[in-house]
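Labels A, B, C, D, E and F are assigned to the chains in the order they are written; within every chain, residues are numbered from 1.
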């Protein structure tokens, strides 16, 4: 099993979700983070004191899945998230040795979907 | 260094003009015409009403600010605050004079009140029991909130500098003349059109202008994809509460004296707001399955808009009907937006333009001299003529507002640029226009 | 399609009834009785007071809304807004008439003011220096906030539709009669019970009803596990500020004229709130180790509740004592909740029921004719009788409220269902009842 | 058990004293001096103004609360609420008497109004058309907000218990005497210093005291590293709106009657706020590249501060100039903070101290007897003397405030401890001082 | 070493924490996410425009621990989180090659607890 | 490739960011979590009902990087985050088999930086 972690533009999330659903990926966990990357930052000022802002809002998507879903899922995320501009984000794939469903206690590939 | 000297330069350039204004501005107090007698009760009433209406503009900022996305919240509220800062001054310098100065050709006011010259602590004809300054400041608050209403149509994408220039031009060339037409002794007043507290001047003028602006400006990035959700509906509800509260000053205060008519306006204001809330809630329940808080808030505001022109002319029961009907009308108008594909982001047209029109026409239906002997009867009280006059007032206000707004906005678009570039729209108004974020680590 | 036609059907069904009401509703202005003279000062005072009290209901919504969990915030504030919408209309249609119409058997008002018939711009006996409509709308705001108070007891689990029906029935069968008893010339007034601004009518009635509702409704899922923390205490503090502010209108306005008595009521209101805040803070500090912001807010509200019936009868120093004592009393009552295991979620009973009772009894202790010549002396001024009368007023109000509430709530539970299903409670009111979320990506 | 008995002990200890106070406190109503005639209009005006000013203190709490970090939000707002609770009572018990009691040596008031003895429903000399109690409660609101202003200087690091003792001592030994000097018939009044609504008493006294407190207290952990960002700027904007709104009561109400002067004060208040907003916005735009919402809010507050002493003496155009200039002055002062390295966290000195000083001096420049026949002309109207007097008033107020504050704060630092330990500062005021968090799972 | 990531109902968090403490697991990091799973979604509407809501609030718990703690921790989470209803959540177990304590610079199994 | 997850004091974030930038690490994702560790908790009370608070705000930093950057990055984080007090936090290092840049579709070590 693998765990995918994708960091995308918040604006693209609805599109990514749509693509994922179409690719039959329905389970995921989503959170708001702030990201720093090639995108240039902005400056904020607070009563004349200037602060560099390097972090812009990003959406993080976590999806645990079986191996054969990995590539279609990556493709779906790219389809939904790509705008061609800097800041489109990254997809990371980690190994996932174990997975358990709380409700049933099932584990492994049965539990993941 | 360079910046500093720039500032000095700027100061030198303007310092003199400001001083000139100061001299100009020495107010002539103690010039009360004969027979005008100040009333402490009425004076209190108008001051408090002005304060109430002042609070509506930040309230509107919250109402709008809660509906935009997090990254635009400050930019949106800031629009209301900036209007409060700028039009307060515009009104004192020339706006009040254009609207209420001595009539020129039934179209606009003269320059007699420029820089508040001749506007003093003594009463004037226009409101014989309160200081002239009290009438001026009460009216100032109307002049402020009206352009602020338009900001709902250009939310989340307008360039801040252009917005500021826009509101000054709009106030000067749209609001001030129309205010003169109906309240300053202009042609609509002569015609006999009724507008108690600003259905045409405030709501139709701003609402229809908002439509023009939104059409020129184009849709927000992401419009129609379902991702433009309001970031904080509790802020919308706080704004609604302040608007409702302030509207008592808006409508009752328009009686310009603490008398039975003011109280009547107060009562119908509350009833129409309540009825609007009620009917929007049930409409949504029927049509969409659930009554939303935003719907209830929108209905209340629509009810307040609709009763505005009618507030001093209609009975409580008529107010309930006006409020009950405004919600289906505005609701339908908002659906149109989706159909026709323009992005009136926060429904400035759908609520204020459409609701204000309904209110102005409803005044033609429900006005009764039993409520206000100084008014006229409407259709339901045997006088079909008024409805026609109200119709003319609506059309004239809308046509003039839309035409002038179109000219102003086109010029600004060509010269200063109206809309922020797309990559800034992605980042949001707060960081790109104001160098700030609304929230940090909450 | 189908939905659309449903709407038409609904409209057809109700249209006629509404029109009938309209006719009914033509108000009879200009019928001032002899010797009644309108005062601009008093009229301003009551209009402003009414606006202040209006603001309390959204303020209460925020006070409650901040104390619930994120998923219920809109549902909770919405309850206050819905009451504002619905009871405004109920009051105009029949509520005012039931409470203040010509007395029937010392128990309820007659139908003379139905649809605000005979309630006009001229003064009436009940408040001889202000338009009758001003008295009506001031009272309306009391009728609105009272059922809204109850919503604190059924927070986070009540079905919205049932809640709406409940408040209409409750207002009609509980509030309106009790208001008549004490203010409309009913039996409690005859008895000589003192209630300046609604200690019994507003706070005891709502608070004891809240207790009944909460007992019937049962506990929230998760009650007692320590996970039901308030999602936004700053919202609670904003609500507290608006309540305190509005309460000046509530209590001082109840003098119905801008005179020395009104000012006295204003002063004692502020002192009791301050003293309540102060003593709750120190109580917590002593007993729990730290003074909390929520405690301070609760203490202030408790102080305001307690002074309500007494506001027009007691001296500033008595007000400080009333406020200092209300906090330990309510604090103890709230601890009981934990012990007895009922879930008065936001302490509608613990603060309003208990605090109102203390206030009503304290009126029997501290009332002084030196403050209000139209009142009665209390125990500490040599008249033990008043305390007995106040006691009867408390018991009668509580007993009647609890009984009627029990009947209403039981009927609603059997017919419409009172509580949302458990899986909806997990999801929250906002999504399940209103199809919305309070916050998006903040 | 033990705790319980402690409480009983506490109660026993204080119960008697409280009762004694009660007796002391029986107010003497109906003692109106000859020739004083209550006006309903004026009475309404002062009650409403008092309510407006009351709202400013929670408004200030939000203004400050939004600027601190999440972990300190409740602690910060709580400071304002605690002041509201405590000084309300201090004022009634002895503060009002010290400030407005019969003059002792031109320095302080006598004990005649202790516990509000002799302060009744009848008018008094000091404000002949309203109940004496109305004047008292209006002044109470000023006494409340002034120490609350100081909390901006010690934000995010002060021990709550010490803060409470501090404000009681500060009010008693700093505010009450200075209020007497200028408004209670003290030496500054005799000298002819003008302070319409509290430029010296409220803003200079609190602002310069804030500077002393901040110097003694030291910097916050992390000051200068750029990580002390405001957690919620929308809260700051809500606070600003409430301050602006309440300031109408503050300044216009200081006329103590609803007359032309009150309206004039109302008008100039709005203009100066607007001009301050405007010029801060453009200053930032020029110097920093972008106009911030916080800057606009700060400019508005600075404009309000600056007009406070001048409100009843200057023309609208002068008000615009005062407002336009206050922003560069305060802006420069705030930059100093960075340079000199002291941590006036929320700029209580930079805005209130500096802005108040500008306002007091500007009164010496722009005051005109054409606006207020009871005032004096300023420099620009041919009387250079006033400027000198204003200068003395500023220096005297600042020197006295700073000296006394230094003494008080040093004593408190040695005895109770002023600042929370560093590890508590990391955790935040909310958890360490109040055992609460502002937000849960939002 | 392993890293456990659990997604549970927010309502159950207090119970889970209690169970973890009883199982002698005191270190964890917790955050709020939104999850999409078998639980049916709701619809939201915004001025008449209807939006599907597939994401409901969930609490994410991250715990780094030594191998022998893994099973007791999983059991504790299940005890606290299981209500038997859809939406109870998932537990994922990842490999954790390295761990460092910032304060002391300790690393590996010494640092984890 | 590795993925670093660091949990630090929110107050130290600016310092950590500065150190990371100086160590030439410019890409990261940051989020707010609540953490429970050796730091003692506080109690909260809600209308007299007392609740134990074991969780205090922490900042989580996620950085994906190539092997040779791992040690410098860990050092930079420690430099910025260490105050010597309990609660300074932890750094976890996970294996990262795969990484894709959404904008270009690049993958592996090319995509990470």
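The definition used in the following text is that a residue touches a chain if its C-beta (ideal position, glycine included) is under 8 Å from a C-beta of that chain, and two chains touch if they have at least 3 such contacts.
Because the structure is a prediction, the values reported are computed rather than measured.
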item: Required minimum of steps from subunit C to subunit D, each step between chains that touch; value: 1
item: Contact distance in steps, from subunit A to subunit E; value: 1
item: Length of the line joining the C-alpha centres of subunit E and subunit F, rounded to whole Å; value: 17
item: Centre-to-centre distance between subunit E and subunit D (centres being mean Cα positions), rounded to whole Å; value: 49
item: Where subunit D and subunit F are represented by their mean Cα positions, the distance between them in whole Å; value: 43
item: Set of subunit E residues in contact with two or more other chains; value: 31-32, 43-46, 57, 85, 94-95
item: Per-residue multi-chain contacts in subunit D, two or more chains; value: 39-42, 44, 48, 70, 226, 229-230, 232, 238, 288-290, 292, 294, 435-437, 439, 441-442
item: Parts of subunit C lying in touch with subunit D, wherever the complex brings them together; value: 39-42, 44-45, 48, 52, 69-70, 129, 229-234, 237-238, 240-241, 244-245, 248-249, 252, 257-264, 266-267, 270-271, 273-275, 277-278, 281, 283, 286-294, 296-297, 299-300, 315-318, 320-321, 324, 328, 368, 370-371, 439, 442
item: Complex contact set, residues of subunit B against subunit A; value: 70-71, 221-222, 225-227, 423, 426-427, 431-432, 435-437
item: Subunit A to subunit E touching residues, read off their complex; value: 3, 17, 26-31, 62, 64, 94-103, 105, 111-112
item: Residue ranges of subunit A in contact with subunit B within the complex; value: 9, 11, 13-15, 42-46, 53, 56-57, 85
item: Contact footprint of subunit B on subunit C as seen in their complex; value: 3, 6-7, 10, 18, 21-22, 24-27, 29, 38-44, 47-48, 50-51, 54-55, 58-59, 61-62, 65, 73-75, 77-78, 81-82, 84-86, 88-89, 92, 115-116, 120-122, 130-131, 133-134, 136-137, 140, 160, 232, 235, 238, 242, 433-442
